[in-house]
Each structure stands twice: as structure tokens, then as C-alpha cells.
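You will see two complexes here that share subunit A, one where it goes with subunit B and one where it goes with subunit C.
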Partner chain A sequence: MVHIKRLQEDGADIIAIIGEIDASSSIELDLSIAKSVGEGFRKILVDCSALEYISSAGLGVFMSYIEEFKDKNVTMVLFGMKEKVMNTFAILGLADLLLIRDSKQEAKQLANELSV
Partner chain B sequence: MNYQYSIGCSLTNLKGIRDFIRTSLKGHGVPEVEISAIVLALDEMCSNLMIHAHHCNPDHVLELHIEVDNGRTFVFEIIDDGDVFDINAYKTPTMDNLVHEKRKGGLGISLVKSIMDSIEYAKKNGKNICRLTKTVNN
Partner chain C sequence: MRTKALIRLTFLSAVICWLVLVFSDVTVLFARDRGLDPGVPLWLPRVMLDLYIIALFYYYKFRIERDESLNFTDLLWKVFATGLISTVLSLSIRLILTVLGSTTLSTNILFQDVLYQINFALFLSFLLAAFTSWKRLILYQKSKWLIRMWTVFEFALLVILLYNTIQIAIADELKVILMVLFGILAIMLSANMKWVAYLNFRQKWTSILILVLTLFYIGYFFWSVVWNLPAELGERKGMYLSFGDHYFNLCLFFFVITYSVFSFLVILFNLPTSSVFEQKLEEVVNFQRISQSIQTEQNEESVYKILLESSVSSVFADAAWLEIRGANNEARFFTYHISEEESRNIAFHLKSNNVKGILDQNTDKTKNLSKHLAGLKGTRFRSLLSFPILVKGDTIGTLALLKELPEGFNKEMTRIVSAFANQAGISIENFRLMEEAFQNERYKEELKIAKTVQKSLLPDKLEKDADFEVSAFSQSADEVGGDYYDTIRIDDHQVALIIADVSGKGTTAAFHMSQMKGIFHSLAQQDLDPKEFMQRANRALVFCLERGSFISATYFAIDTKVKKIRYARAGHCPVLFYRANTRQAEYLKDRGTALGMIKTKDYCNFIDTNVISYASGDIMVLYTDGITEAKDQKGEEFGDDRLKSTLLEVTDKDPKEISEYLIARLYEYSGTHMINDDYTNMIVKFK
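What follows is the complex of A and B.
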């Protein structure tokens, strides 16, 4: 089960994932990101501090947006990840393909720098 | 020591599979990071089977067995009677390809192959057995 909350802060859309993302729930993450992009946000921060688990279905969602974000000049930064979740990204080297920061502050700063 | 679990092929049951694996591995001295990786690999295998071999039909059942040899080697068996989907025969996509093609699938198999030591397939009494082995250093 997953809950996804969105809130806006300083022009950035913050998507908070609460719970677990697997093959049954990854669609909800996908829809939230699609909504954010559809609403025209150029800075998307994904709050992973309450993300307890992610499987490849969730990783695939993030990966599937990389090209689109390049085309549309959207910056997405993930932050607050627990070590066990980070490890899943690290196994396949995805941590190098996505922007990941420890804190919301750092994520916001990076998004601001990159979207200038 | 052996553990067993049977569950219908509905993706909402993946959570139950993860809980079963986690609970079974507890008390065998497996480091938390290894437990998480093993749970992930089994989730990936079961969701693949549910989707591709059983089309998420909840009346189709997957049977899971865990055998702990010496507290270090763990044998996981997934038993079903669907079409065999041998992930060893599946070429893992490169990350570049995945990003370029905006594909949402294909990562799971790479994860399983990275995490498990071996993945073997066998037939017994007309059923498919997928056997995954993992030796943990603790």
C-alpha cells in the first residue's frame, strides 16, 4: 500500500511517497509524476523519507521519465531515502542516473541551480 | 529448517510474500541489508510469474518453499503450473536502452541476477520449480 501526497513549496512540486511501491502500486507513483508534469512544474522533488520499500516497478517509473524530463527541461530530485531503499537503487547503478540528495534543503538547492 | 507459503496470483498479495520471506529469514542471523535484497529478488520473481505466466488470475496459486541449510545457504523455490519463463534465457537490457526506450520493465530480472547466486529451473510432477540459491556471509 502506498499513499502519495503532493504539496508545493517555492515553485517546486513536492511528491511525498508514504509506504511501499511494488508492482501493484507503482501506477500511483506514475500518475502523480505525470500529473505534476502535466501541471507544468519544472522542479519536482520526491520526498522518499517515508518510502519503506521499492521494487523494480517503481524504479522503472523513475527511469521512464528521464528522457522526457530532458526534453521538457524538468529537474527531478529524490531526497530523504532510507539506506535499505537506497541500496535497491545502488544495486543497478541507478543512483548515478537519477539525482538523489540527503535532505529536502539540498534537493531544493540542486533543483534551483539546475533550472536556472 | 523449512518454511512454506501458498498464495494466489494477485499483485496485492506481493506484500504477503515479502512479509513471509522477511519473517522466515529472521532469527537466522542474516544481516538486514541482505534480507532486504532477498525479499526484493523474490518479490521480482513472483510478480513476474503472476503477470506473465498467470495474467494476475487470483485462482492460480504460487507455492513458496524456503530451505535453510546451515544458516548460511538459503534455497528458495517457487512452484507453479504456468508457462515457464526462464530468466536465464532473457538478455538483460542495458541502462542506456531502458532510459532511451522509456521502458518501465526489464529492471527486475537484472536485480534478481545481481542478488541471487544461482537461478535454476526444474519440472516435478508436472509442475515448474524455480530454484534460487543464496549464500550469505554473516
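What follows is the complex of A and C.
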């Protein structure tokens, strides 16, 4: 089960994931990211502080946007990840591909720098 | 065969009885006329008559009552045919006599008696044929009481028959009372006319005609055996066997004529309403057609067509249309005597005049919309009745019926068509459910095939070497899993190993797994550096994997000559490596991104070849995340640490035992054998 909240702060779209992301709930995550992109946000911050577990399907969602973000010049930064979740990203080698920061502040800063 | 023999036997007995009857009667008459001793018993003709009646009764019982193939009109035809034959025979004798004119023979009393007996016998035969047929008609819809009544009636007839022969003296008053009682019974039985309702219009007319003719025959015979007696016979009443002497004959005659008259009248008065009955019957048939259409036909379209036809014919509509909204909200029209354009016009007119909830897809009420049509010019219709077609509570279409007369639909019609529309809805719902079930069944079948494919993708035998031993175990959660492992010999001192996990489950995972197998078998033989292997595999896979899916894998090349392992980890779970000399196990968490994630040549920056050396007693544990992520009752994962400590418990065992032990511990930990993921382990132990 997952609950996804979106709120806007300083021109950035913050997507907060609460709960677990498995094969079925990954569709929800995909939808909310797609919506955010569709609404024209250039800075997308993903709040993973309440993310308890992410399956390979969920990781697939993040990864599937990499190319698109590059083309559209969108910056996505993930932050606040728990160690266990971080480990999942690391094992799959996604930690090097995605922008991951510890806190929201750092994430926002990075997004601002990159989207200039 | 038996029935046929019985028919012949009874007929033959009847003929013999009759011959004896005629001979004895003539003898008696002759003797009495001359005042001589007849030489035969005086009761003989009477007894013979009884026997004749009983024989004929059974003859008709076998011929008419037991014949299941006869329907109502057939029964009437049988009576008619028997009557016709009897009458024609009787009339031809009369004709011959007339031609002969007044001769000594024709005035001879004995000859006249023979003729009389012929007519008498024919009449009785006809009456008995009618009696048997009427019995079947009366007992068409049996009830306990009716059968009892009939048994009493037949028994009474038998008693009357015997009474005539035995001739016990009974007081006249009692005789009258008994006769009245019998008459009441006969009339009560004659009130059973249910079969008439099942005749259609044409059959009713046929029946009326046959009944009229039947009555005519009865009249003719009655006239010829009772009234129109030759003067010579009339004078000698009581000396010969006559129709009127026998109560049985009178009773039979009374019953046959009563039922004939009753039937005639009932059918006559039923004629005007028979079209209504036929209409009702047609409705029932139409109803069945709708409900059975799903089994016999194979699509929804036929249901719509049958619905349209049935509704139109049930309410005598001049035109009708059926509008069905498809999944993409596209309207389809089925029309009857009206063009699609005209239907749309009427629908549009009603909409533009703000007549709400009529052809509206969302209404669940049926409405008579006659008054709204008056305002529409250029249409010949003055009445409109519309119904929604509901499937699982959703309106999928509208049925509209039109008439040229104003106020052309009544409540009854509304009720019928409403029932049709409901039934059509149910049929379509059933049809869809069946389709769904078929799809499910097909899906299951596909999964089964995919499972077989997947099973066959995993190797039966693993590569053996003097330097190490390998054992593996794999189990998939769903019908099809995405875990893959394999080994292949590169050359005499090198063996390649792979373990991979395809993201996602089901059929697609199995297909990706087969791609992975193809890649492994083609690339591994080329003795590539693990990094190069992964790069090429990535290049091959990026175009095959759909958006969001990837494959994590670790590739090993074990070189027994230099006792070194080169490997590349592409996002797969880190290998657990046990070193025998230090008695320590550690995870080899090297860098590496899963296959299919990076679609460009940049992938070479995200993957490395690593080298480690091995010694005797070292153990390498390859596994998929199904093992480390298996949860216990509290939701806690099995985890890396638990895997490591489990391994340390069994380092002195051989690979197969280690593998089994790990799985056993895993089951013990999760408390079930039904782990909700694919899980695989592969143990390599060096010698």
C-alpha cells in the first residue's frame, strides 16, 4: 500500500511517497510523476523519508524517466531515503544514476543549481 | 409387434362375436316369429353383443388410446375416419337396396334383421371409437380426481353393460335415479376441455368441421337404427336385438353426443380469443429465443436482433430501433422499418424539445412518449415507447418502439417488452461473463505454457569441474518466475556462471529470461571479459526490454588454472563469499548497474570487472532477492546478516547440503513454503 502526496514549494514539485512500493503500487508512482511532468514542472523532488520498501518494479519507474528528463531538461532529486531503501538503490546501481540527497534542503539546492 | 398382434386379435374376436350374434339373433327371430323352439339359447345374442362391445373397446384402446403419436386433431380425424367408413358402408347398403327396389328379399324379415344388425354394429363401433378418443381428450391434463372420476365412469358403463345381460329386476324409480346420476357424471367429465386451448386458429376450424360431421354421423345412425325401422321389424319389437333395448348403448350414445356438443360449443366460442393465445405462446417462444441465443449464437449482435424482432412482433410495432453504446461511446443502431437517420432525427427532436429521460442512456424508466411525437413534423409515427437495456446496472442501450397510431401502446405491451429488454440484458451479461471466463481460462493456459517454458530454461545439469562443485535451487512464486541461473564451459580451464533476476513476473518475465539465456549462451562461449560481457548484454537488451523493466545479473568466469574468479555485478544482489582460511564470509558489494537501465554506450562507466582468487574450502553463495527479502510473521526480512550466519553454520557441508539447509532455514524463518517471490540460490564450493 502506498500513499502519494504532492505539494509545490518554490517552483518545485515535491512528491512524497508514504508506505511501500511494489509491482501494483508502482503504477501510482508512475502516474504521479507523469502528472508532474505533464504539468510542466522542471524541478521534481521526491520525498522518500516515509518510503518503507521499494521493489524492483518501483525502481523501474524512476529509471524509466531518466531519458525523458534528460530530453526535457527536468531535474529530479530524491531525498530523505532510509538506509534500507538506499541499499536497494545501491545494489541495483541506481545510486550513481539518480540524484540522491539526504535532506530536502540539499535536494532543493541541487535542483536549483542544475536547472539554471 | 405385440400391440399389432393384440389389435388383430381383438378385431378378429369382435368380428367372430358379431357373426355369432347375427346368426343367433336371426335364428331367435325366425323361431319366435314362427312360434318354434329356436334351438339356441335366447340369451346368446345379448351375450354376444357384450362380447362384441368389449372386444371393440380393447381394439380401440390399443389403436387410439395407446398411440402416443396422435395429437388432438389426429384424434378427431380418427373419429371422423371411423364415422366416414361406417356411414359410407351403411349408405352403400341402403343404395343397393333402393336400386333393387321392393323385392321379396328386401321385405324378408330375416334379411332386414341382418341389415339392421350391420347398421347397429357399425354405429356401436363408431361410438366406441369416439368414446376412446374423447377419453384421451378428457384425460389430457390429468388430476387425481379426474382419473378417479373416469374410473368410476368406466366402471358404471361396465355395470350397465352387465345389467342388460343379467337383467336383475330393479325398481323403476331407482333406475331413473341411477340414470340421472350417470348423466351428471357424464356431463361433469364433458366439462374437461383443456385441450381446446392448445389448438391454434386453423386447428380450431378443422376441429369444428370434424365435430359437425361427427354429430351428423351420429344423427344418421340414430335415425337408421331407431326411427327409420322397416315396418316388418317395427312390429316385432322384442323378438330381435335392438339398439334401444340396451341401456349401455343409450348411455354411450348420450356421453358421446354430450362431449361432441360441448367441444363444438367451446371451440366455437374460443375462436375469437385464439389469436391472443397464439400471441402469448409466441411471446414465450421469443422469450426463450432471447435467453438461449447466447448458447446457440456466438455474439451480442444476435441478441440485439432477436430482441428487436421479438419486441416488434409482440406489440405490433410499425417500426423500431435499438441504439447500443459501445465501449468507446460510439452508438450502433439496429433498425426495423426505419432508417438510421430517421431514428436519429426523432432522438434529436426529443432531446431538443427538452423531453428528459427518454432516450437518455441514464434513465432506468420505460416511458410512453406518444404526446411528444405530435410536435415532430415529417414523421409518420405518433406513438413511441422506449426501454433501457441494463447490464450490471449500467444502461448499455435503448430500445424504442414506434407506431403510426396515437396512443398505440397499452400497459400489457409495456410489461412484455420490458421483460424482453430485461432478459436481453441478462443474456448479454451472461455472454460477457462467459467471455471473461474464457479469457481467464486462456490466460491460465498461457501461464501454464510459460511455466513449462521457464522450467525448461533452467539447466538440468550444472557444469562440473575437478576444482569446484555447484548446486542450485530455484522456486517461483507465481505460475511463472523471472529468476535465471546457468553455467557453461568456456574452455578446459574456464567455466562461466550466471545468476539473473528479471524485474516483474509472469509471462513477460519468462520471455525476458529466455532472452537472457540466449545472450548468456552466445556471449559466454566467446571468452569475454565480464565487463565486456555485460556491455554487450546491455546493448542487446535495451531494445528488447519495455519501459521500466530491467534485468539484474552477476556474471562469473572461474579460471581453475590460476584459481581466480573474474566477475561483473550488474545490479544483482552481492555475492556472499566465504573464505576457509579466515573462516569469514563477506558480501562483495562492487559497483554495477542493472542491465537495461542505461540505454546508451555510457553503460561502460557503470560496470566493472572484479577479480578475486579462491582457495580450497571457499564457498560462493549466489542468490536472488527473494531470499534476503523473505519476511517472517512480523514483517521483518530474512536479510543479509541472517544469510551470512546461516552459511557459517554449514561451511563444512557439500554444496547440495548447503543449498538445502539454506532453503530449510528460509522456510522455517518465514513460517511457510509459500514465499511471495521467486527465490533462487546457487552454491559453488571449491575443492
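Following the convention adopted for this analysis, the second predicted complex is superposed on the first by the 116 of 116 C-alpha atoms of A that agree within 3 Å, B and C clash if a C-alpha of one lies under 4 Å from a C-alpha of the other, contacts with A are read in each partner's own complex, and residues count from 1 in each chain.
Just so we're on the same page, a residue touches a chain if its C-beta (ideal position, glycine included) is under 8 Å from a C-beta of that chain, and two chains touch if they have at least 3 such contacts.
Everything numeric here is computed off the predicted structure, so don't read it as measured data.
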item: Subunit B versus subunit C as contact partner of A:92, first or second or both or neither; value: both
item: Which superposed partner A:24 touches (first subunit B, second subunit C, both, neither); value: first
item: Partner chain(s) touched by A:109 [first = subunit B, second = subunit C, both, neither]; value: neither
item: Which of subunit B and subunit C A:60 touches, first, second, both or neither; value: both
item: Touching partner for A:1 - first (subunit B), second (subunit C), both, neither; value: first
item: In the superposition, subunit B vs subunit C on subunit A residues touched; value: B
item: Common ground on subunit A, meaning residues reached by subunit C in one complex and by subunit B in the other; value: 23, 26, 30, 56-57, 59-61, 63-64, 66-67, 91-94, 97
item: Complex contacts: residues of subunit C adjacent to subunit A; value: 501, 503-505, 547-550, 552, 570-574, 589, 591-594, 597-599, 606-607, 625
item: Residue ranges of subunit B touching subunit A (in the complex, touch as defined); value: 11-12, 14-15, 18, 32-33, 36-37, 40, 43-44, 47, 50-51, 95, 98-100, 102-108, 110-111, 114-115
item: Complex contacts: residues of subunit A adjacent to subunit C; value: 23, 26, 30, 56-57, 59-61, 63-64, 66-67, 90-94, 96-97
item: For the subunit A and subunit B complex, residues of the former touching the latter; value: 1, 20, 22-24, 26, 30, 53, 55-57, 59-61, 63-68, 83-84, 87-88, 91-94, 97
